[in-house]
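For reference, the structures are reproduced in the following blocks.
Presented sequentially are two complexes of chain A, the first with chain B as partner and the second with chain C.
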Partner chain A sequence: MKPSMGAASVSEAAGERGRDILAPDRRSGYAMMLPAVIVILGVTIFPILYSMWMSLNDVRITLNGFQLSFIGLANYSTLVHSGMFWHSVWFTTYYAVVTVVVELVLGMLIALAIHRVQRLKNLSLVVMLIPWSLITVVSAQMWAYIYNGTYGVLNGILQGLGIIQAPVTWLGSESGAIICTMVADIWKTTPFVVIILLGGLQMISQEYFEAAVMDGANRWQVFWKVTFPLMRSSIALAALFRILQAFGVFDLPFVLTGGGPGTATTSLAILGERSLFQNLHFGVGAAIAVSTVLVVLILSLIFLSAFRGMAEEGA
Partner chain B sequence: MRNKVWAIASSVMAAGLLVAGCGGGAATNNTAAGNQTAGQGGTVDLSKASGTVVWAASPITTGTDLRTALIQAFEKSHPNIHVQLQEQSTNTDTNRGSLTTAIGSGSSTPDVYMGDVVWPAQFANSQLALPLDEYLPKDFWDRFSSGLVDGATYQGHIYGAPFFADTAFLFYRKDLLQKAGLPVPTSWEQVEQEAKTLQQKGLVKYGFIWQGASYEGLTCNFMEYLADAGGQVMDSSGNVTINSPQTQKALSFMQDLVQSGVTPKAVVTDQEPQAMSLFDQGQVAFLRNWTYAWNDSQNPQNSKVVGKVGVIPLPTFGGPNGYSCVGGWDLMVNPHTKNLAAALAFVDWMTGPEAQSILAKQFGELPTNKQVAQDPSLKQVSPVFAVLDKVKFVPRPAQTPNYPQVSQAIYSNVNQMLSGSLSVSDTLQKMEQQIKSAVSGGGL
Partner chain C sequence: MVESRWQKVLGYVVLVLFLVVILLPFYWMVITSFKPTAEVAAYPPTAWPQRFTWEHYVNAFTVHHFGIYIRNSIVVTCLTTVIVVILSSMAGFALARLPVRGKTPTLVFLLIISMFPAIAIVTPLYMFMRGLGWLNTYQALIIPYTAFNLPFAIWIMRNYFLQVPAALLEAAKMDGASIWQTFWRIYVPLTTPGLFTAAVFTFVASWTEFFMALVFNSSDTMRTIPVGIALFSSEFNVPYGDIFAGSIVSILPIVVLVILFRRWIVSGLTAGAVKG
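Right after this comes the complex of A and B.
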């Protein structure tokens, strides 16, 4: 990337002296970019287009590799007519919205607290990062142990405190499983939000706060009129990263509930994995993947326009 | 600002599409169609086999590795063939995912792989396994215990050589029954009754544990009660016949076990390890589990019930000796293998008396080779072998290439019923409708 950017800015500066002198530079710049472009085409663009193409085909494995026969939107029709698909869309969306909102609010509170108490900043950052740095499959196993209905830690604590009499199978009811999965997600990814928001917070010049206080603003007003508008881009960044990740949620419900009880926590990614790798219905699986992208795109755009309105109103 | 929104939106799009890219990312390599050995059929001469065989297998035993023990013994008797072990996931579905991706895109390795007994129809339908009957002599198949080869057959061809079997037993606490003066139960009703008595007397916390999580293992548990009640998922011509009073009886019994408190409510999240650990910790009187549970319960490092355990075949409704689900693994051959002779020589030896004796006598796995299975000295290896001849086997309805979906229709609905949010009759209806849709190749 660098040579071409360099060449472009130099050519702008050189403007009048003519472009021809720089043409060889530009050419070698493109040549240097070529390997990167080829890699991106090969590992990103081609698979994306190919899975879109797959979603429009009936895909079978034969001795001569994958055999595709075009069937138009039939795979999508299968999805649209399946209650299971809509359930997964609903669950994944609900899951993403709830976890992202809670994580943003919690993350903001923690970031503000850490920012204010500078003394323990490094220590608190390290502690915060532990959940985030654990591999999800590992932390999910840990949560499965906490939630377990016969020997779980949570039941032990609550029974010890006399809050519940008999052990509860936390993952055994639909609402319980959904809430428990969300709690584990929030525990794990709030630190990520904190880090991004803390970065945004530290970039705001102290002078704004001083000016606001001098003008007689209370803390609430300072937050909504100064901090929040200035942190728009960090919040948007954190939210978008989280929405994208939350939409691909797979490992947590896979370990905690296997998509159950029944199908309560079957996310789009779990449904897609089932179609692709268990049922070997590659066309339908590809259609699920493409649909997931559409849903996440729509949700992200809704979020962005809503957030923009909100932030401008605040400012 | 507008520009920024679009910049972010387009990066969202790119990142999101990556998800799609990963989802459907199986490559389209065309296979080397003219592969020299497989493809034309005809019995292969195994005597001159040489070269390397890549064997994909997931871990079978904990502790000493059965796979390496077998490979060493094989290489000793076949000095011209080298076997390379390709490690596979212990999670059956992950294992299948990696095999279908590799073989589906035409890879010539692994040459031989371990395939679950419920895979043959699906793998045959997708041409992921070689029809072995076309390359091995007819009398090769005589070595296996009856019924096992049928399970590896799809539309008249045999796609797997049974490697080792597995099935379920009822493990019980001898000491507790003795203390309470109760006999070893001889029916499901008696298991429930005695479990209740032991709980009421305060001798044990839970009565009976099995596998009720939303996964394949629950389908196995369900198939046993269903067969005991005299029901079936599909009849011999493939019609879905699950909506019957027999299924209702099976489901009602499972539901009652949980509702009566004999089985803890947490069974809806229990797979084999959770059920096993509850039993090992002395918290439950009866356990339904696979063969390995005997050794596990007798290992003082993780078990508090060493020497206190008895084993019987699973009972049935109103009597002893009911049905047990057939589990286990076949050896399947990659249709793209470049060394068919060596691959078949390996399969031949692994299902022969020497390998099967190692597997049974040294590692306690159930052999598929008739001659080894009938060896009377096996009964001293483990009490599991001693009760084996009383076990009746029920296969899962895996004769359809859409079996994974059929199984999902069973386990997700039964799991929901056990969790208390679906009635027996609703479970029955949902299962029937989803299985019908799965068998016809539709739905999700």
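Right after this comes the complex of A and C.
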């Protein structure tokens, strides 16, 4: 803190020269940003660059630590020829697309239905925020218990209603495990989407709706010509958050299904974690990490440009 | 008018249904944590415990080590939150009110950073930490959590500082106050809602983080709550009653935070949409 204590007087002196009157303030500014910048660079940028370098190396664990030897793209070639990798890419993409679309559509319908409701506001806000703030691992254990193939309450309810004859091992089949994981995600995240969309809805002036109705627009037209274009930044925000989060999905399948049965719910993050900490393939693990980042970046760019086009057409 | 009343009724019905769907799994978890062990695995399941018991809550802290997990989570989360609030308010102030160069690139860069999945950095961090002997220490989590929460916190703080008139800075300067004094005595007190918003988001993110906690701190004495709860599954007979008792105790602080700070959380969640 000391160097900048005399900032005001230095600033006057600099003012006489006229040219760089702002220099002292600027120096204080950099000093204030420095700690945050160091932490962010040290913990994110440097490791990402190092990941890229590692993915081009054969990484061996020796008694003295890690030993790297350059092997070019061999790790990537291992990945490209691995069925597991492509399966993870497929599952992660499928999972992200389905959950994000369902959460957005469901979230939009719920937000539209409830945004005029005046009572219960505090209560519903708290209830909707709780799944958002819930430890994912806790919700995964909760759903594992609900889905349990021997004594789960889902079986209890369905059998009580006569829909199934005997308890079903929901997490035992590939499609069952995938759907169950998606349902748990949708349950936890739809409230978050509703909150963001409600925020967007409440910012639209009531006059727009009234004007549209006066001009004889029906509900469908009001939604597509007024509500949707005015909400595009909220929708884009919710979607982008969710896509990025869904692509890093780890906690939920790790606890709920362990990535199984077989490899049915092995996401890219789970595959990466396995190759690092179970098989100790650090080079391949780094290649998976780098590929995941690339996929995420490409997808968010595609999404953002596609969404901009769609929103402009609607408007 | 008839249509608007119909809409109102529909709104209430949807809202109540939605809240019930959100709450039902919680009901199930809470009820299960009070059932005797035999009833936890009974089929068909009972909607209400035949006998209430605290045994799972006792087990969570005696048979299992929830006390240790909670202590670890509190240390990591509180220190991370304090550091993030201090660093992000300094950086946010500089980006909002001081003539630093490259503001826009810095802000965009921060946004991009905050989007990276943790898997991208976990391997090299693991190697560095192993080299430093930092695995299974508090700093192994506090430092990465700080880095991951800073970008969003800086954005929030910058937005709040922008709402405080720039004229205050000039006025303080006239009176001979340094930049640091102005920041600390004038701007920080005027942006306490921003500090709370940044703090709550950091707190929730650190309290719930699982991936890095699992990779860096998996020894039984250094586990945080999510790791402790997740690693129950590896046991053959999953003790759901004990898991849920521990879970409920460990989500209580967050529930209190959500009830107290709900408005600011919502303003934080929608901030991007409003400003963007």
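Note that in this section the second predicted complex is superposed on the first by the 296 of 315 C-alpha atoms of A that agree within 3 Å, B and C clash if a C-alpha of one lies under 4 Å from a C-alpha of the other, contacts with A are read in each partner's own complex, and residues count from 1 in each chain.
The criterion applied here is as follows: a contact is a pair of C-beta atoms (placed from the backbone, for glycine too) under 8 Å apart; a residue touches a chain by one contact, two chains touch by 3 or more.
Because the structure is predicted, anything quoted here is derived from the model rather than measured.
Visitor: Which partner chains sit in contact with A:Thr263 here, chain B, chain C, both or neither? Use first/second/both/neither.
Guide: Touch status of A:Thr263: first partner only.
Visitor: Tell me which partner A:Leu280 touches in the superposition: chain B (first), chain C (second), both or neither.
Guide: first
Visitor: After superposition on the shared chain, which partner residues are touched by A:Ala113: those of chain B (first), chain C (second), both, or neither?
Guide: The answer is second: A:Ala113 touches chain C but not chain B.
Visitor: Would you sort A:Gly172 into first (chain B), second (chain C), both or neither based on which partner it touches?
Guide: first
Visitor: In the overlay, answer first, second, both or neither for which of chain B and chain C A:Leu125 touches.
Guide: In the superposed model, A:Leu125 contacts chain C only, not chain B.
Visitor: Considering only touches as defined above, state whether A:Tyr30 meets chain B (first), chain C (second), both or neither.
Guide: After superposing on A, A:Tyr30 lies in contact with chain C but is clear of chain B.
Visitor: After lining up the shared chain so the two structures overlap, which partner does A:Gly248 touch, if you call chain B first and chain C second: first, second, both or neither?
Guide: In the superposition, A:Gly248 touches chain B and chain C alike.
Visitor: Counting residues of chain A in contact, which comes out ahead: chain B or chain C?
Guide: Greater contact footprint in residues on chain A: C.
Visitor: Once chain A of both complexes is superposed, is A:Val293 in touch with chain B (first), chain C (second), both, or neither?
Guide: Both: A:Val293 reaches chain B and chain C.
Visitor: Does the superposition put A:Tyr50 against chain B (first), chain C (second), both, or neither?
Guide: The answer is both, since A:Tyr50 touches chain B and chain C.
Visitor: Share the list of chain A residues that count as touching for chain B in one structure and for chain C in the other.
Guide: On chain A, the residues that contact chain B in one structure and chain C in the other are 44, 47-48, 50-51, 54, 65-66, 144, 150-151, 167, 233, 244, 247-248, 258, 269, 272-273, 276-277, 282, 285-286, 288-290, 292-293, 296, 300.
Visitor: Tell me, which parts of chain C touch chain A in their complex?
Guide: Touching chain A from chain C are residues 7-8, 10-12, 14-15, 18-19, 21-23, 25-26, 28-29, 32, 41-45, 87-88, 90-91, 93-95, 98-101, 106, 110, 113, 115-128, 130-131, 143-144, 146-148, 150-151, 154, 173, 176-180, 183, 204, 207-208, 210-211, 215, 225-227, 229-230, 232-233, 238, 240, 243-244, 247, 250-251, 254-255, 257-259, 262, 265-266, 269-270, 272-274, 276.
Visitor: Which residues of chain B touch chain A once you look at their complex with the stated criterion?
Guide: Chain B reaches chain A through residues 1, 4-5, 8-9, 12-26, 28-31, 33, 39, 93-94, 96-97, 100-101, 103-106, 122, 126-128, 206, 213-215, 264-266, 268-269, 274, 277-278, 281, 283, 335-336, 402, 404-405, 408, 412-413, 415-416, 418-422, 442-444.
Visitor: Give the list of chain A residues in touch with chain C in this complex.
Guide: That would be residues 1, 4-8, 11, 22, 24-26, 28-30, 32-33, 35-37, 39-40, 42-48, 50-51, 54, 65-66, 110, 113-117, 120, 122-131, 133-146, 150-153, 155-156, 159-160, 167, 187, 191-192, 194-196, 199-200, 203, 233-234, 237, 244, 247-248, 250-251, 254-255, 258, 268-269, 272-273, 276-277, 282, 285-286, 288-290, 292-293, 296, 300 of chain A.
Visitor: In the complex formed with chain B, which residues of chain A make contact?
Guide: It is residues 44, 47-48, 50-52, 54-55, 60-66, 78-79, 82, 84-85, 144, 147-151, 167, 169, 171-174, 233, 236, 240, 244, 247-248, 257-264, 269, 271-280, 282, 284-286, 288-290, 292-293, 296-297, 300-301, 304-305, 308 of chain A that touch chain B.
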